[in-house]
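Scrolling down, you'll hit the structures one after another.
Presented sequentially are two complexes of chain A, the first with chain B as partner and the second with chain C.
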Partner chain A sequence: MVDLRITVTLKKTVEDSEGGSVLKTLKLLGYDGVKDVRTGKVYFITLTKGTKKTGREFCEKLLANPVINECAVDD
Partner chain B sequence: MVDLRITVTLKKTVEDSEGGSVLKTLKLLGYDGVKDVRTGKVYFITLTKGTKKTGREFCEKLLANPVINECAVDD
Partner chain C sequence: MKKDVEVAILTMEGTNNEEEAYQSFKHSGASPEMIHLKKLENGTKKLSSYDILFFPGGFSAGDYVRAGAVMAARMRSRLMKDLEEFVESGKPVMGSCNGFQTLVELGLIPNVEEKYGLEAALAPNISNRFEARTVYLKISKGHCLFLSEFEDGEIIKLPIAHSEGRFVPKDKKVLEKIVKNGMNVVSYVNQLGNPAGYPWNPNGSESNIAGVCNREGNVLGIMPHPERVFYKYTESDWTRGGGKGGMGNPFFRGALKYSIEKY
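This part shows the complex of A and B:
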């Protein structure tokens, strides 16, 4: 059994409007020590067979858009 | 400077329809070794001041719904 954690984020060069919105709201709540917020999507995938490489394939074939996303696979 | 990674997931007891949809699609793509998929939202937050405890406050005050969500803070 393999447990993968796949994190899909926007590339640094792509504007993260949701992150910007969270940043603004945290500041409004009084947290002036917040400098930056970036958001992403995370998938916890349990495999009965396969490896980290299988997770890479999931990124390429389904989870991420290579034009705007970065995809990190951790086990 | 503190970098926090805040992961918001659905509680185990709450149905994750997006995860179910990804699971089904991966199987349709031929990956029959996929047993389970759970999804979540991740926030990468940079603080000029504050600690992991500040991240916990962000969960409580903005990022997570305590009825359905779990919130994990890593630094």
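This part shows the complex of A and C:
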């Protein structure tokens, strides 16, 4: 068994509007020290066969659009 | 000349507005049929049997992963060759809202490099809100067959309803080619017809792009919903002004006219 953790985020060059909303709200809650918030999705995938390379294929074929996303695969 | 224009309206779990699209094509004189994606996947239905392909709006596969991503991935794995043949034969393909997102994820739009790669994305709206209202749009018809019934430069109003509509090209080169080839055929404008920022541009789209046609003019992806305003009485201000047809009407007439003349 291989457990993969795949994290998909917006590229730094793409404005993260959800992150912006979270940043604004945290400041409203009194956390003045928050400088930036970026959001993303994490997929926890268990494989019966395959490797990290398989995870990268998942990024290419479904989980990320390379125009706006970065996709990191950890095992 | 073909008398009976057959339209495939592609559905799957979570699509909507297929009924409006069905009625719009039917009342334009075509023979529409709703086809579930599974029927194309298992070979019960063949894409090549149809003259026009329409991708409706909604939230295919619940918008999970990314809007349009699941539908596009399924089509890429089993139907891409059929889809490429359909497009390359010159037959009209249109997607509105989620349909536009799917066309972009399929690489059919903008496809400036003609390799069906991912050249753009429809990112979350900069407002971080679901934007649902009527917007002003400018038509720059070029040779997009869906826009042949409009006047060039015409200002129209169509409804929008989306949270991921911000058109982001892969890079400057892609954007330049879109502009150079006249593929940015529908743009968000203000009430005077000039490009403007939010709220006129509801999602923060690059260069106020609301709709993109491929270079050949037979594939149109558009965030607003022409099928929702096929008739005047479904427009938000239907009690004002005259005219029989809604502002979405010419999109369907244009596609039908082309299909009748060409096939």
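Quick note on the criterion: the second predicted complex is superposed on the first by the 75 of 75 C-alpha atoms of A that agree within 3 Å, B and C clash if a C-alpha of one lies under 4 Å from a C-alpha of the other, contacts with A are read in each partner's own complex, and residues count from 1 in each chain.
The rule is short, and it goes like this: a contact is a pair of C-beta atoms (placed from the backbone, for glycine too) under 8 Å apart; a residue touches a chain by one contact, two chains touch by 3 or more.
Treat the numbers as computed from the prediction; the structure is a model and nothing was measured.
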* Kindly classify A:50 by the partners it touches after superposition: chain B alone (first), chain C alone (second), both, or neither? => first
* To do: Identify the partner contact of A:42: answer first if only chain B is touched, second if only chain C is, both if each is, neither if none is.
  => first
* Asked: Is it chain B or chain C that touches the larger share of residues in chain A?
  -> B
* Regarding the shared-chain residue A:14, is it in contact with chain B (first), chain C (second), both, or neither? -> second
* To do: Applying the touch criterion given at the start, work out whether A:58 contacts chain B, chain C, both or neither, answering first, second, both or neither.
  => first
* Structure fact -> chain A residues contacting chain B in one complex and chain C in the other 61-63
* Interfacial residue positions of chain C with respect to chain A in the complex -> 65-66, 69-70, 73, 76-77, 105, 118-121, 123-128, 168-170, 204
* Taking the complex as given, what residues does chain A use to touch chain C? -> 10, 14-15, 17-18, 20-21, 61-63, 65-69
* In the complex with chain A, residue positions of chain B that touch it -> 1, 7, 9, 19, 22, 25-26, 29, 31, 33-50, 54, 57-58, 61-63
